[in-house]
Each structure stands twice: as C-alpha cells, then as structure tokens.
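When the chains are written out, they are named A, B, C, D, E, F, G, H, I and J in that same order, and each has its own residue count from 1.
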C-alpha cells in the first residue's frame, strides 16, 4: 500500500471537521475488467494527526488499476485512513457514475470509542 | 418473479449505508394502459447480504409491461428486496413524472426489529 | 364541492409517505379579482384510504374561478382532504408566485390523535 | 376582445427591442375542457406605438376560460398585437407545460414589409 | 404502424415553428435486448397540416418493445412524420441516456424542395 | 412609521406557518450614504392576526431612503411586526448583496412565552 | 444630471468590448409611485474614452427617486452615455423584476456612423 | 495583526445570528509558495459586540501574502475573532478551490461556556 | 491501437449529425506521470459508415495508462476516427478538469473536401 | 516580466482552437490599493507554437501585487501572449467580481493578417 502521511493537528484541543473531496477517483470492476469512476469524500474530526493532502492523492491513485467492488473500496479506505490518523470520527462517502442505467452511493462511518 | 441475487456483505460488523438510484424505471398504469416513468431509489443498511446490481437491473426491467399503481409498486419493491437480503434498514423512494399536471413521490421504510 | 375520491391503502399496516405536487394551481384574489397562481404540495401518511389522483385534479380545478385568500385556501384544502381520507398525518404546502414584488408560502399540518 | 392599449414610442427613430414575458398564461383545451398553462413571450421592435403593460395583462386574462389550441392562440395573439401597435417586427413564443408526457413550444413571427 | 393523425394548420400562410418534446421515449437495443431511454424533440414548420398530439403520443409508445438502433430510430421518425404532415421543414433530435459511460445525440433534418 | 395592517387568522386553532419573501428591499448605509439591497424573509406562526400583504409592502418601502445598519434593520422589523400581529413565533432573515467583496445574512427569532 | 466621468482608452487602436452589469438599479414608476427594480447592462466598444466605474455608479443612483418608464430609461441611459464617451458601438439592456405577473426586457443599440 | 474593529450589538438581549461570507480570500501555501483561494464564512451569535465589516475586510486582506495551511488559517481566524468580539457562539467555515484534483472544507466552532 | 469498429450508415443519402459524449476519459500527463481526466465529445456527419459505440468505448479505455498531452490527444482522436469512418465532417472537443488552478478545452475539426 | 514558455504545435497544418480558463486571477486596483479578483479566459488558434500551461500560471501569478486597471490588464495579456506564441487568432476575456454593486467583463481579440 502507498504510504498515507500525516502531520500534527495544529489545534488538538478543539473538535473541528475537515473534508476532502476527490472527484477524480477511478478503479477497475473485478467482474468486467472495465474502469469505474467516482467521487470520494472524506470527512473527519482529527485527534492528534491530520491527513497530508499530497500523499492522500497518491493513495487514491494507487487504486487506478486495481479490481475492487464499490462496497469494498469504501470500507477499505475508511479502515486504512482510520488506522493511519486515528481520528475522533471519520466518514467516507463514495458516489459512482452510472453503470447499467443506475448510479450508487456508499457511506461508511467510524467513531472512536 | 425475476431472481434478485445477493453477495456477502464485505464488512458485516459495521452499520453503513448503500444507495442505488435507477432513473430509468417504467411500468404501465392499470387504469389507462399507458406507460408510467419514474426514478426508484433504494437506500439500505446491509446485514449479512448486499444486493447484486446486475440482477437488480433485471428485476426492475421485469416491471416494464406490468400494470401496477405507484403506491403498490413502491411497497412491493420494498417487500421483495427486504425478503431477499434481510437488511437492518431499507427505504424505497419512487419519484414519478408529471401525469395530469401533477407529479408524485412515494417513500416507504423498513426497520429490522 | 367536487368529490374527492379515495381507494383502499394497498399496504395499510406500514407507515409510509405519499406526496403529490400540483404546480398548476390557480384561483382568484377576492380583493382585486385578479388570478393567483401557485404550487400545491400534499404530503400524507395514509391510514386506510389513499387519495385518487384524477379526482384530486378536478378538486384543484374547482378553485379556478373562486375568490379566496392564500391562508384560507391552504387550511381549507387540508380540512377537506383530511375529512375525505382520514390520514395518520397530512401537510399542505402552498407556494405562490410574485405579487407586489413579494412571494408567499403557507404550510399547514394535521396529525391524527 | 379586451382592449389592448398603447402609448407613444418615446424614441421613435431608433430600432430597439422590447420583451414582455408572462409565465402565468392559462386557457382551456377545447378537446378535453381541461386547463392549459403556459408562458407567453412577446418580443417586438416598436414603430410609433408601444404596448401598455396593464392592458396587456387583462388581454391575457381574457383567455382564462376560453377553449383554444396552442397553435391557434399563438397566431391569434400575434395577429391581435400587430393590429393594435403596428410594430416593425414582432415574435410570439408560447411554451406549454407537460400534457400526456410531452411539452410544446410555438414560435410565430411578423415583419413589416 | 400506429396512425399519426393531423389537423389543418390554423395559419397556413405564415412560416412559424412548432416544437414537441417527449422526454419519455423508450425502445429496446437490438444487440443486448435491454431497454434504451431518450428524449425525442420534433421541430417543424407546418405547411397545410399539423401533428395531432395524442396520436403522436401513441406513435411514440409503439416503439416501446421494438428493437432498433439510435441512428435508425431518428431517421425513421423523421421519414414517418414528414410523410404524414408534409411540412416545409422538420428536425428530429434524439438524446439518449448513458450507456457504457457514454451518451449520444442524433439530429436529422428535412427541407421541402 | 407606516401602518402595518392585519387581518383575522382564518384558522386560529391550528399552528401553521406563513412565509413572505421580499427580494426588493432597499435602504441606505448610514456610514457611506450609498444604497443597500437585500431580500427580507418573514416566517411566522400566527396567533389571532395575520399580516396584510399590501400594507407590509408599504412598510418595506418606507425604509427606501432611511439610513440604518443590517443588524439594526433586522431586529427592528422583527420588533415592529411582533408588536403589530403578536404571533406565536416569528423569524426575520435579511440577506444582503455584496459590499466590499463580502455578503451578509442576519437571522433573528421571536417566540411567545 | 450627475456627471459621468471618463478616462482615456488605454488601447485606442483595437476594437474591444467592455461590459458593466448593475443588478442594483432602482427607479420609481411614474404611474403608481411604486419602486421598480432592474438590472442594467452596458456593452460598448470604446473609441477614445472609457466610462469611469465610480461616477457611473452615482449616475445610476441618481435615478433612485425619479419617476420614469422602462422604455424611456433605457433609451435615456443610451443617449447620456453615448454623449459622454462617444463609443464606436454601445448597447443598453434593462431587465426588470416581475410586475403584475409579467417581467420585461428592453434592448437599445447605437452604432457610430 | 490588522485591527479587527467592533461596534456595540444593537439588540444585546436577543440571541440572533450574523453571517458574513468572503468568497475572495487568498493566502499562500507554505510548502509550494503558490497562492491558495477560498471562501471564508463567519457565523456568530453576538454577545455585546458585533464585527465591523470594513475592518474585517482588511483583516482578511492581511493574509494575502502570508504562508499558512488550511487547517491553521481556519482555527486562527476563529481564535482571533472570538478574542476580539467575545461572541456567544461562532463558526468559521473555509472552502478551498481544487488543488491536485481535490478540494477541501474546514469547519471550526466555538461556544462560550 | 484498439480496433474502432463501424457499421453501415442506415440513411446514407441524408446529411445528419451524430454526437457521442464520453465524460469518463482518463490518460496520463507525460510530464508528471499523474492522471488527467476529461470529457471527450465526438460530433460527426456520417458518409457511408457510423462508429460502433462498444468498440469506441474500448478505444477510449486504451488511453488509460498512456502518457500524452491535451493538444496531441485531441488531434490524434480526430485523425484516428476520420481514418476509420471517413465522415463528411467531424469535430472533437476535449474538456479537461482543473490542473494548477486552470482548466482547458481543445476543439479540432475535419471537413471532407 | 515572467517568461511565458511555448512548445511546438503538435498539429501545425490544422486550424484548431485551444482554451485555457483561469478562475483564480488576482491583481490590485491602482486607485484604492484593494485586491481585484477575476476569471481570465484565453482562446486561441495556434500557428507554430502553443502556450505551456505551467509557465502561463506563473505569468498570471506575477500580477498578484501589481496595480493595474481591468481594461489595461486585458489588453496587456493579449499583447504579451500574442508576442510570445504568434497565433493565428487569440481572444482574452476577463470577468471581474462585484465592485460597488457592479461587475465587469472585457473582451479583446487579435487576428493575424
């Protein structure tokens, strides 16, 4: 896996929300071998660490030629990012372009206990 | 009825939401025999099973020449899909194009006890 | 008053919501005698009966040459429809086009005890 | 017919264009007896006379309970207004709301010889 | 073929334009057997005859279960309608929903010599 | 102050909401003497009295050449209207066009004890 | 009349187009005494002089309490600005908010001989 | 730091909300030295003091050539403004234009104890 | 190169226009190695042959991991498609997402002599 | 002046159009010292040379702290870019955010003789 870098939260005592939207996500459908296109949104409340944007970009690009389903990608991104920056809360929303006349959205959420 | 296929939820322990939107739904009005057109949205929180998209598409197409009212379709789709994938929660929203100068929306919801 | 017809709720045990939007409502201002134009939205949770769309349309048309104020129409439609189909909940929203540089919206709600 | 009033063009030597848009036009379908709703746009280059707005409004209202087809209304409005204000050019555009799942637009133009 | 009815042009001496838009067209892809969905726009300058809307609607519905390609439908509709109402000019525009991540538009035009 | 007229609430027993939107409000900045432009929205739940629209319009026009700040106008309109019609609840929202590259919104609310 | 200031065209040899849009124009209807609101657009090809923006703003404000009709304002602004900066071409477009359910647009153009 | 001026709250007893939106914020990325562009929204409930708009504008301009990260700016603006006007509540939302194919939003909130 | 398939024009005598829009085009920037994303539009007037959609899709996918500049792609697609289907006219429009705060569009056209 | 780099046109024989849009342009008003914000669009038909995007970006950034008027910037950018890449045609469009309640657009065009 590509390294996801972090930097120290500049305001660690305050609960505040950071959102990054990537409308240029692409991966490959494991069934058909055809490319999938989507928008990935990351919303999180940082604890001690924030996600570094440039490394995040390379992390997303690493899916470009990978075969993986919508539901699996969304949950895997959430697991990977939670592991790396251990946020107070995080939500991943993936919105996919039309396939077979239908379009899909997946939302998965994590809360620190 | 067309078979609605399922696959195993790749992240069964986490409560997350899946949405599929089909803007190409069509059936027939039982009163006039004329076609109806609508958008069907499925929102659900999977338990052990997820809905397979391609089979879902054929399930929707099976209504193409069937005579059925808005309220009945919406509730029947909810009943059929709940039966097949037994989700934690599911909501069906059907939005219909203008008939007689009016347009209609039906929302029906299921929650596992 | 024009008859508002009903049909039996096809899924009487489930709390679900039906919305009908009529963007072609017109009545007459009792003060100026000039026509008013608006969009009437009906949102309801049926109990035993659903509103039949074609009769509803004729009910709306019956206001075409009637002189009545915004606030009165909205409440009267709510009263009439509640009486006819006895829903669990119903909301009427009337949105009016610009008059004297201002536009108005009225929302009235009913809940069965 | 309701009188359509005019006033003297304040700048008679200059070719300039005046547009009035009425999104609140309604008449009755002669076939079904049901109301039709549309937006009527008047674009003209005045010669000696301009159309007075208030009288124009009453002219439009005079169609409210009249049975007349889309194509006929559009041409009749053009004929009536040309007769009254004798413009250098005039165009009438009527845009109609959805009927039977289809919507229509009619454009008719006049040029003084 | 379903009969396409016409009525006499109410203003035969004037060159004016009529547009009908049908956003509820559906046919079947001859290759895959799956339904196609599109919007068909008819723009024409009538000569002696105008297209009757209700019959036009049934003409469009007659494609519902027919297998035919985008390019062929568009040209066939143009040929059929020109034959029936012999207009001075006619244009057919068909706009299709996304298939395989791409969407298509076809425009064909006829002018009377 | 211009008189704000009222009329009797036609449905006094029901809690329902009335909204009037005036996108044509203008006053004068007391600092620069230059005109300010905004949209004023009134949302209220009437008790015994409703606001009469025509008088309301003249009340708004009375600010046309008055020098007053955004925060003061919003609160003053709320105080004036509450005094006149004694509603169960009322909210005033003022949205102002760009000044110095920034635009502002003020929301003030009243609830009857 | 308020002075409309000009400055020297920084590129006098080239035919290029300048557009200024003022969405905050207001004047008074001479018939009703009520305020009118509109957007005034100035498009011109400068010859030797350009319009100075701040003075232009005060020129527009000078109409605030003046009674004048749509057609007259549009032609008067064109005459005033052409006189002051003697452009190669100039067009004034005035777009007015809804009055009596209708809205209007006036376009007047000047070309240097 | 540029002085942020305040003025006395004209309605100190009432909890009401003031929003200022600045779509013309720009600073410099400390990593690349390239300019960043964003929209800063301030929402607050004033206690005794309100923010003066002109000084606020100069405060925003003071960031023009400063190197600072998204997360740091948002929290610093919140800290600075809270210190100056001591509001009951304040929220800062910064929305940034696309960098590396992604765009970001930061929301930070303060509540007086 | 992936084969671009064609089929016989179903209406060879008529000049009509076919448009295919692919909003899911992606290639790689030869300078940075990072992915580019764009929408490719093909507009053409067929002579004897039409472009087959499924093969066209695979042709577009063949650029996925290829390093090539905006200007070169657009011209190369035009050259390739003209060679394969020899149309009467063809235009390629490529619209690219934001890179370095700027976005680009390239339009190239071919006409048969 | 920052160097504007070019690269060889990959298809020199064909007349085709390249557009670059920069919505993040900022300079300083020479009169007030306050920042101006705008969108600069470059449309050109290359002859032997194309504009390199990264250098173009730095060229735009070089205006960041420069005092210059709208009309002058637009013409200067056109002069600079024409000098550097000697295109067959070029157009510069600058669209500016609201100042004093008005917003402006300047369009300047060059054609090689």
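Assume a residue touches a chain if its C-beta (ideal position, glycine included) is under 8 Å from a C-beta of that chain, and two chains touch if they have at least 3 such contacts.
Please read these numbers as outputs of a predicted model, since none were measured by experiment.
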| message | Can you give me the shortest step count from subunit A to subunit J, moving only between touching chains? | response | 2
| task | Determine which of the two chain pairs, A-E or C-F, is joined by the larger number of C-beta pairs in contact. | result | C-F
| query | Most remote chain relative to subunit E, going by C-alpha centroids? | reply | H
| task | Quick one: report the Å distance separating subunit A from subunit F, using the average Cα coordinate of each chain. | result | 45
| message | So the centre of each chain is just the mean of its C-alpha atoms; given that, what is the distance between subunit H and subunit J in Å? | response | 31
| remark: Among all residues of subunit A, those touching at least two other chains are 23-24, 37, 97, 99, 101
| field | All pairs of touching chains, each written as two labels joined by a dash | value | A-B, A-E, A-H, A-I, B-C, B-D, B-E, C-D, C-F, C-G, D-E, D-G, E-I, F-G, F-H, F-J, G-J, H-I, H-J, I-J
| request: Note which residues of subunit A are touching subunit I in the complex, please. | output: 23-24, 26, 34-35, 37, 61, 64-65, 97
| Considering the complex alone, what residue numbers of subunit E touch subunit D? | 9-11, 14-24, 46, 50, 53-54, 56-57
| note | Per the touch rule, the subunit F residues reaching subunit J in their complex are 37, 97-99, 101
| remark: Note: in the complex, subunit I contacts subunit J through residues 69, 71-72, 74-75, 99-109
